[in-house]
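First chain A sits with chain B, and in the next complex the same chain sits with chain C.
And now, the complex of A and B:
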C-alpha cells in the first residue's frame, strides 16, 4: 500500500503548478508575527492558526480529491497513508510518515521531517513549547477530513522549533459522521 | 517547491484575517502593505546573491520585473515604462492573485484591491533592500490587469 501512494503523491505533485517555497515560508512567518502582535496570549495565536487552517482545509479538500482521483478510503489506516504520502506531497512537496498507531487504530502520529513552513525560522526561547508555529497544519487536516465525514482532533506533540527533533502531529479519530443529510437541510 | 494553490489558499485566508482584524479598510491596507514590505525585503535577500550589492536604479527595477516576479508568479512583468525621472510603471496583464476571484456583477462591493496591496508592499520592500526608498501605488484595470507605479523618493 505504501508504495502505491508514494507514487501517486509524486505523480500528482508533478502535475500541479508549482512555485518556490520561499514566498510561502516568509509570508507565513510574517503572518505569525502579526498574530503575536494582535493577540497578547500565545495560546490564542495557536487557536487562531488552527482556525485559519480549518478554513483552508474545508476548501482544499475539493482540489485534493479532484486532482488525486482518490475515492473513499477503506479504513482510517488508509486515510492516514493518503494524508502523509499524497496530501502533504501534493501541496507542500514533502511526504510525512506515520507511526505510533494505538491498538484501536484510531490514533496515529504524523511525522514531518521536512516542514517547509519552518525553513529559516528560529523561535526565541520564551516561545518554545508555547507557540505551535505550524499549528495551521493541524487545522488543515481537521477541516479537510471533516468534509469527508471524519471528525478528528489534531495536536502538535513535538515541534521541530522547540524540541530539536522532527515535527510530530497526533491525529485522533473522534467520530465518523454519518452520510445522512443534516436535519433541516432541504 | 510547493504547489501554487497551497500558497493561494493560504493567501486568501491571510487577507480575510487582516480585513476582519482591522478597524477599517485603510488600516487593513496599511497592514497588508507592511506585511508585503517585510516579505519583499527578505525575499530579495535570498534571490539576489548573484547581483551586485548596490545596483543602479534601472537594474534594480529590472530585477524586480524579472527575477523577483518570476519567483513569485512564474512570469515576468509584461510591460515596463519609465519617465527617466524616478517613475516606473509596471504592468502585469495577468495578475495571478486576481485570477481566481469570482466576479459577481450584482455585488455592491467590486473592490478587490486588498488582493493587490500585499504585492505593492512586496515591491516596496524589495526596492528598499536595494537601497531605494519609494512609494508604490497600483491600479486594477479590466479583469486581471494590474498596473504598479513606483515613484522613487529622493
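And now, the complex of A and C:
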C-alpha cells in the first residue's frame, strides 16, 4: 500500500504547476509577520492561521481529488497514508511520515521532516512554544477532510522552530459525517 | 443530443443549470431542481441499502434511461453532483462529466478567488468553456 501512494504522489507532483519554493516560503513568512503585527496576541495569530488554512483546504481538496483521481479510502489509516504521501507531495513537494497510532486507529501523528514553510526561518526566543508558525497546515488538513465527510481536529505537538527536531501534527478523527443528506436539508 | 446540465453543490443547491435542446419547457425550474435532488438522494439511499456487498453509491451509479431521455450522473467525493440529461441513445458520459469536473469546474470555479463557495455560478469564464465541450456532441 505504501509503495502505491509513493508512486502516485510522485506522478501527481510531476503534473501540477510549480512555483519557486523560495518565493513561496518568503511570501508565507511575510504573511505570518504581518499577522503578528496586526494581532499582537500570539494565540490569535495561531487561530487566524488555522482559519486561513481551513479556507484553503475546502477548495484545495477539489484540485486534489481531480488531479489525483483517488477513490474513497477504506479506512482512516488509508486516509492518513494518502495525506502524507500524496497530499503533501502534491502541494508541498515533500512527503510526511505517519506514526503513533492510538489503539482505536482514530488518532495519528504526522511528522514532517522537511517542511518547506520553515526554510530560512528563525523564531525569536519569546515566540518559541507559543507561535505555531506552520499552523496553516492544520487548517488545510481540517478543511480538506471536512469536505470529504471527515471531521478532524489538528494540532501542532512539536514545531521544528521551537523544539529543534521535526514538525509534528496530531490529527484526531472526531466524526465521520453522513454524505447522503446535506446539513439542514429537508 | 444533450438536453440540459445541472451541478449541485454539497448543500443541495443547484449552482449551475443550463439547457440546450429541451423540448418541454419547465413550469417551475427551482421545483424541478429540488425534485431531482430529492430523487437522487432516495436513489442513493436505495442503492446502498439494496446492494448485497458494500458499494459506494457515488461511483456505483452511472445513469438511468427512460424512453425519452437518459440521465447521466457523476458525484465527486466532495459531494458535488454533475447531472446531464441526454437523448436515450447517448453512450455513457461519465468520462466527460469527470473532465468537466477536473478541467473546468476545478480550474475556473474552485480556483476563482471571486467565487464564493455556496453561491451560484454566473461568470462567463466557466460558462464559455463548458459550451464548446458539448457542442461537439449535440
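Everything below uses one rule, namely that the second predicted complex is superposed on the first by the 182 of 186 C-alpha atoms of A that agree within 3 Å, B and C clash if a C-alpha of one lies under 4 Å from a C-alpha of the other, contacts with A are read in each partner's own complex, and residues count from 1 in each chain.
Keep this in mind: a contact is a pair of C-beta atoms (placed from the backbone, for glycine too) under 8 Å apart; a residue touches a chain by one contact, two chains touch by 3 or more.
Quick caveat, the model's predicted, so the values are computed rather than measured.
Enquirer: Using the touch definition from the top, say if A:19 reaches chain B (first), chain C (second), both or neither.
Expert: It touches chain B, and chain C stays clear.
Enquirer: Between chain B (first) and chain C (second), which, if any, makes contact with A:62: first, second, both or neither?
Expert: Only chain C is touched by A:62; chain B is not.
Enquirer: Please work out whether A:71 is in contact with chain B alone, chain C alone, both, or neither, and reply first, second, both or neither.
Expert: Only chain C; A:71 stays clear of chain B.
Enquirer: Regarding the shared-chain residue A:128, is it in contact with chain B (first), chain C (second), both, or neither?
Expert: Neither: A:128 stays clear of chain B and chain C.
Enquirer: For A:7, decide between first (touching chain B), second (touching chain C), both and neither.
Expert: Neither: A:7 stays clear of chain B and chain C.
Enquirer: Which residues of chain A are in contact with chain B in one complex and with chain C in the other?
Expert: 59, 63
Enquirer: Which residues, counting only chain C, touch chain A once they are in their complex?
Expert: Going by the criterion above, the answer is residues 10-12, 41, 44-45, 48, 56, 58-59, 76-80, 101-103, 105-106, 110-111, 117.
Enquirer: If you look only at chain B, which of its residues touch chain A in the complex?
Expert: So the residues of chain B in touch with chain A come to 1-7, 9-11, 13-14, 16-18, 21, 31, 35, 38-39, 42-43, 46-47, 71-74.
Enquirer: If we count contacts the way the header does, which residues on chain A are in touch with chain C in the complex?
Expert: 58-59, 61-63, 65-67, 70-72, 147-149, 179-185
Enquirer: Show which residues of chain A lie in contact with chain B when the two form their complex.
Expert: 13, 16-24, 26-28, 30-31, 33-34, 38, 48, 52, 55-56, 59-60, 63, 90-93, 116, 136
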